[in-house]
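Below you'll find a set of structures to go through.
In what comes next, chain A is part of two complexes: it sits with chain B in the first one and with chain C in the second one.
Moving on to the complex of A and B:
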């Protein structure tokens, strides 16, 4: 299927959902408290943009959340990729670290909040750590798996050409692992972004996650909706950015 | 002739046995049982046998990818313990590196050894031309046809001037027309260089077209069942082979030997 055709189908699908929302609001099929009409959402959005939410401008909420998340993502990639690669390369390292990784990874990160607060306080560090933890564990597992999944034949082909152990890793195993590594990072960042709300539950006064939680306690469903839309769209944009990097860095992905 | 001292022995297998035991719960399979033979310098030897007979295992042991449980493999009378650039390997799949273009794939070996560009580029350019990949140097492997991929893989293995070329059913995945072209091209390259070739195949026609000597293997455990010298005149053309009585008699004989072994594998697996 051509790209324009796929894009068209996506646009129509999204358009239909928006239309349904509009119709529901226009004919008042649902309570405005449960599903605020589109017009109301737009008005609130404008209000949030000009006056901010609780005196903090909307862009600042977005920037705050994005800043927290991106710092955690960067740290998770920088630390998680090497750890995962080492685990994939050396069974001993894998045996030593795997129990911790596999114990922490499925753990609901919300459960860690009390501990993190006790250990690291209620400042930015705790929020960063929560998002970091949610992201880094998936990256570690993905990087280790990516190394272990490199085709034996490709390794043998390189060995027969007389590469050293280091060259084998640097010029064959690492590039071979890149496609899977990218998938892992995309999944991890998706998971990390969902942890944002949990992170911003820790004594915040700004951020998209905080805005949603705060607005819900005042039954401001319209603000909640806008928060959700912005969270979703930002997450989507993050993934699109990663896909763009992936296209440049791994152009052979899926063709090999 | 195994005992012929006139031709230097390039590859020697001495009582090589290899067992595979993938898991504790399954019994070990004996893939190679006391296999001994030698390949002379400049000889083109085909290992022929039904699937699962261990012919690829022989190749892997010579390449150094696998260690025999007992016995020894010698290359120029020196024991083989690990893979190395003195043995070029071509697999059934091209196994090119998709992040490199054709030229960089072909020159991968010399670049890894720190050879200066002036020393390998002219050789690589000649090789590209000889295997018919001119104009495709900047293409990525996934932009090539199956036959072109294998030619690139052959060039990549060839550029380091290996002492021997090990080929594991390199043309099995190609269509009949491409395969025939590749076979002719390989023989041409071999005749110009007189490199030693060990070529694994299950295709009787291919073995007869290519080989100086055919080693027919038994079904598991793999042993050498027959050592047949192919005395057909070179250059051999496929068209001439079809009409030659000498070739068809040889084919009938070899086919018979392989069929016996294939039947054995059927009996074993039948309930």
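Moving on to the complex of A and C:
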């Protein structure tokens, strides 16, 4: 299927949903309390753009959320990738760390909030830790799996050529694992981004997640929906950025 | 002929009596299977009805009490049709009305004087000392409103203050850990902070001279009120009697409620005394809620308008959402029937 055709189908699908929303609002099929009409959303969006939310400009809220998330992502990549690679290379390391990783990963991070607050308080550290935890565990698992999935044939071929352990890693294992690793990092960042709202529930005073929570306590469903839309768009933008990096760093992806 | 007429008259009176009784019974609809009431875990004269189970008796049906953390969350519960009757502060009530929440305000519960307060650490001696400090508030609540009003009235630079949204229980935990320097909330949380090196900096009453009038009222989902008006009237009658019981014996009622809620007796006494209560009869005057004829210019409608105005300066309520008159959502008819 050609790219233009796929784009067209996507556009029509989104257009239909928008039309449905417009019709619902125009003929008042749903209470505006539950689903604000498109016109109201547009008006609120404009207000938020010019006046900000609670006197803080919108870009500041976005920047605050992005800042929190990016700091946690950076830490997760820097710590998670090496740990995961080590786990993939050395079965002993894997046996030692895997029980913890596999236990913590499916745990809803929301459930950890009370514990994190008791140990680390309600400041930025707790928010950072929550997003970090959500991201790093997926990265570790992805890195370990990426290493373990490197084709045995390649390794044997390299070993037949007489490489050192370091050379094996640097020229065979690492490049072979990179595509799967990147996919894992993309997924992990997606998961970490969704934890942002949970993190900003911990006594925030700014950020997109905080905006959604504060607006909901005043029944401002219009602001809530715009906040959710912005969160989704920013997460999408983050993913696009990662794909761009991947194209440059791993040009051999999908060309096995 | 005369005997026939006499029997006729008796029969006519008898028939009229039966019709009247039937009419009255038809007027009193069946109560709902359960009445869902929301409260905040705080003491109030109406908690007597919970403590002694008398509310269920008076309503003639089961009552399900839902404890909700603060006003903002109550709004969501009302919107989702999770509760029927709620105790709610005037600021969240205003916010809900502005968004078109299908509720009616049926009476005051009490005007908030000292039952909501700003508690601060010992080194914070005045409102100005709050600059550079971390202050907590429950989002969307009357205390949130009080805090904003206090900062404005006392000319505290809001940009120099770190405001943190925390549910009351989380606020106390944060206080104990030293994560916050002050908190504006209600009892029993205020007392939990006070006993842990906190002191009172301000009460809601201190804001009245600056023109901020904050109260608790009872709201009912319109759907529920239309379907079960007799239940709503019975609720108000019960509330009225509990206020009377409290006024007749404040120490005794405080003791009952303190024991039931497992809260400190002095704290409960002060909380109960921290609101000003008015009888339904008083509330029907324009000085308070007013009657259907006078409600548009009564204190409650004006209070909602002022509250909406202040909430919109902060951006919490959209100016375009503020109705021309709040009188349409104020329904004094239930109170009127309750005092008959």
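Just so it is clear, the second predicted complex is superposed on the first by the 256 of 256 C-alpha atoms of A that agree within 3 Å, B and C clash if a C-alpha of one lies under 4 Å from a C-alpha of the other, contacts with A are read in each partner's own complex, and residues count from 1 in each chain.
As a convention for this text, a contact is a pair of C-beta atoms (placed from the backbone, for glycine too) under 8 Å apart; a residue touches a chain by one contact, two chains touch by 3 or more.
Computed from a predicted structure; not experimentally measured.
Colleague: Please determine, from the superposition on chain A, whether chain B and chain C clash or fit.
Modeller: fit
Colleague: Which partner chains sit in contact with A:162 here, chain B, chain C, both or neither? Use first/second/both/neither.
Modeller: first
Colleague: Quick check for you: in the superposed arrangement, does A:218 touch first (chain B), second (chain C), both or neither?
Modeller: In the superposition, A:218 contacts chain C only.
Colleague: Of the partners chain B and chain C, which touch A:47 in the superposed model: first, second, both, neither?
Modeller: The second partner, chain C, only.
Colleague: Check whether A:252 is in contact with chain B, with chain C, with both or with neither, and answer first, second, both or neither.
Modeller: first
Colleague: Can A:73 be said to touch chain B (first), chain C (second), both, or neither?
Modeller: neither
Colleague: Between chain C and chain B, which one touches more residues of chain A when both complexes sit on the common chain A?
Modeller: C
Colleague: Is A:175 touching the first partner chain B, the second partner chain C, both, or neither of them?
Modeller: first
Colleague: Output check: A:128 vs chain B and chain C. Expected answer is one of first, second, both, neither. What do you get?
Modeller: After superposing on A, A:128 lies clear of both chain B and chain C.
Colleague: Note down the smallest distance between any C-alpha of chain B and any C-alpha of chain C in the overlay, whole angstrom.
Modeller: 51
Colleague: Could you pull out which residues of chain A sit against chain B in one structure and against chain C in the other?
Modeller: Touching chain B and chain C on chain A: no residues.
Colleague: Enumerate the contact residues on chain A facing chain B in the complex.
Modeller: Spelled out, the residues of chain A in touch with chain B are 151, 153-154, 156-164, 167, 171-172, 175-176, 178, 250-252, 255-256.
Colleague: Which stretch or stretches of chain C touch chain A in the complex?
Modeller: 70-73, 75-76, 79, 92, 95-96, 99-102, 136, 139-141, 162-166, 170, 173-174, 177, 179-180, 311, 314-318, 320
Colleague: Over in the complex, which chain A residues touch chain C? Could you list them?
Modeller: That would be residues 31-34, 43-44, 47, 51-55, 117-118, 121-123, 203-205, 210, 213-214, 216-222 of chain A.
Colleague: Can you check the complex and tell me which residues of chain B touch chain A?
Modeller: Those in contact with chain A are residues 63-65, 82-85, 87-89, 91, 93, 95, 97-99, 108-109, 112-113, 140-142, 153, 156-157, 160.
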